[in-house]
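Pasting in a structure now, in structure tokens, and then I'll have a few things to ask.
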Amino acid sequence: MVVINKSLRIDSNANFQIIDITGDIVAILNEITHDNENSKIINGIVNIFTKHSTSAIRVNENEKGLLSDFEKVLKDSVKENNNYKHDFIDNNAAAHIRSFLLGSSETIPIVDGRLDLGTWQSIFFIELDGPRRNRTIDLTFIVE
Amino acid sequence: MVVINKSLRIDSNANFQIIDITGDIVAILNEITHDNENSKIINGIVNIFTKHSTSAIRVNENEKGLLSDFEKVLKDSVKENNNYKHDFIDNNAAAHIRSFLLGSSETIPIVDGRLDLGTWQSIFFIELDGPRRNRTIDLTFIVE
Amino acid sequence: MVVINKSLRIDSNANFQIIDITGDIVAILNEITHDNENSKIINGIVNIFTKHSTSAIRVNENEKGLLSDFEKVLKDSVKENNNYKHDFIDNNAAAHIRSFLLGSSETIPIVDGRLDLGTWQSIFFIELDGPRRNRTIDLTFIVE
């Protein structure tokens, strides 16, 4: 068993943006699998953790209409400019509160060298206070 | 330390159903503990991950009234048939949005061969778009 | 690679209280790092799991105004005394429902012996049904 620490750097280009990072994670997993000369088969988990408190990590279906529906529900549930105290310090209270509700990490199984996602699952970095450069997502592989 | 990949198959029998999977996970953990001839004591974690983007994994108290209360709040927060774009593709946008809010995985500690849950905690698979056959939940044990 | 099981005991002193446990976790991690004579560098993850179904674990910014804003949004989203069935058994349905929405665990990367949090991230135990004595939070380190 080994720990492998990797990270992704993401530039977002809108205030609210749901970015599919599945392909980036698969590419890093493939590099790890090919580097491992003792065994071509890797089992374990990968923890996906965003280092930003105005963002979130979630798993769901990458269908354009659905992502737009989800954005609308989240914005209706947590209104912007709602007399938040934090807005006097940094004008992004709604982004933090949405992040609080959604969560900062997901942990995904790895089976036989592949992310064991379901057919309709993608992994998303959700930008809640963009656009931003160099958003960092930690990927921690615990594998054998 | 070893990785042990297991999975549960669940048939749901209602559109919305909260299914207690604690007993199933304990049974699998007991099998693992008894298979391990070198040590009867196992410590580590188990990651519980649903492979379906219209479902969720959560931990809470298994009290019938509470589960009914939670269902009502979730359905009031995310209405069905609310002019969702995704409903034109597959008529289950509300189920996906509820899954987005709740999350796809939880990770639970294992101490001395037992799931270290609190007295009032159960692990739930939450079906949000049932009834369905063969819902798959990955259990990844990282233990020593 | 080793598993190290630790726990935190917390006394809350209000019905709703967001308690920053980052310092407690860092202190335990520092003890582990100094105990490890073979290597001063530790990489891996720590799983933070609350054993109480009327509480939650979340990661966000520790800014007083923001925590107050978040409390208000959560209380507006999940009202108290809303004809909940569970309130006839134990008068804390709203606390359980808020816990259901937020989640019981987060998993955080450890890089070079340090919790790899972002600049504005703290780890919170959220008391939803206090005041209570001896709330227990499991910390499971999977490190090498």
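In order of appearance the chains are A, B and C, and numbering begins at 1 in each one.
Here is the rule we use: a contact is a pair of C-beta atoms (placed from the backbone, for glycine too) under 8 Å apart; a residue touches a chain by one contact, two chains touch by 3 or more.
All figures in this text were calculated on a predicted structure; none of them were measured in a lab.
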Study note, to complete from the structure: Field rot_deg for pair subunit B/subunit C, CA superposition, rounded to the nearest 5 degrees, holds 120
Revision key, fill the gap. Across the interface between the identical copies subunit A and subunit B, with over half of residue numbers shared counting as same and under half as different, the residues used are different
Point to revise | Separation of subunit A from subunit B, taking each centre as the mean of its C-alpha atoms, in whole Å | key: 20
Revision key, fill the gap. Residues of subunit B that touch at least two other chains are 1, 77, 101, 103, 107, 142
**Study point:** Residues on subunit A engaged by subunit C in the complex (per definition of touch)
**Key:** 1-3, 5, 47, 49-53, 77-78, 82, 84-86, 88-90, 93, 96-97, 99-101, 103-105, 107, 136, 138, 140, 142
Review point. Quick one: in the complex, what on subunit C touches subunit A?
Key: 1, 43-45, 58-61, 63-66, 68-70, 73, 77, 101-103, 106-109, 111, 116-118, 120-121, 142-144
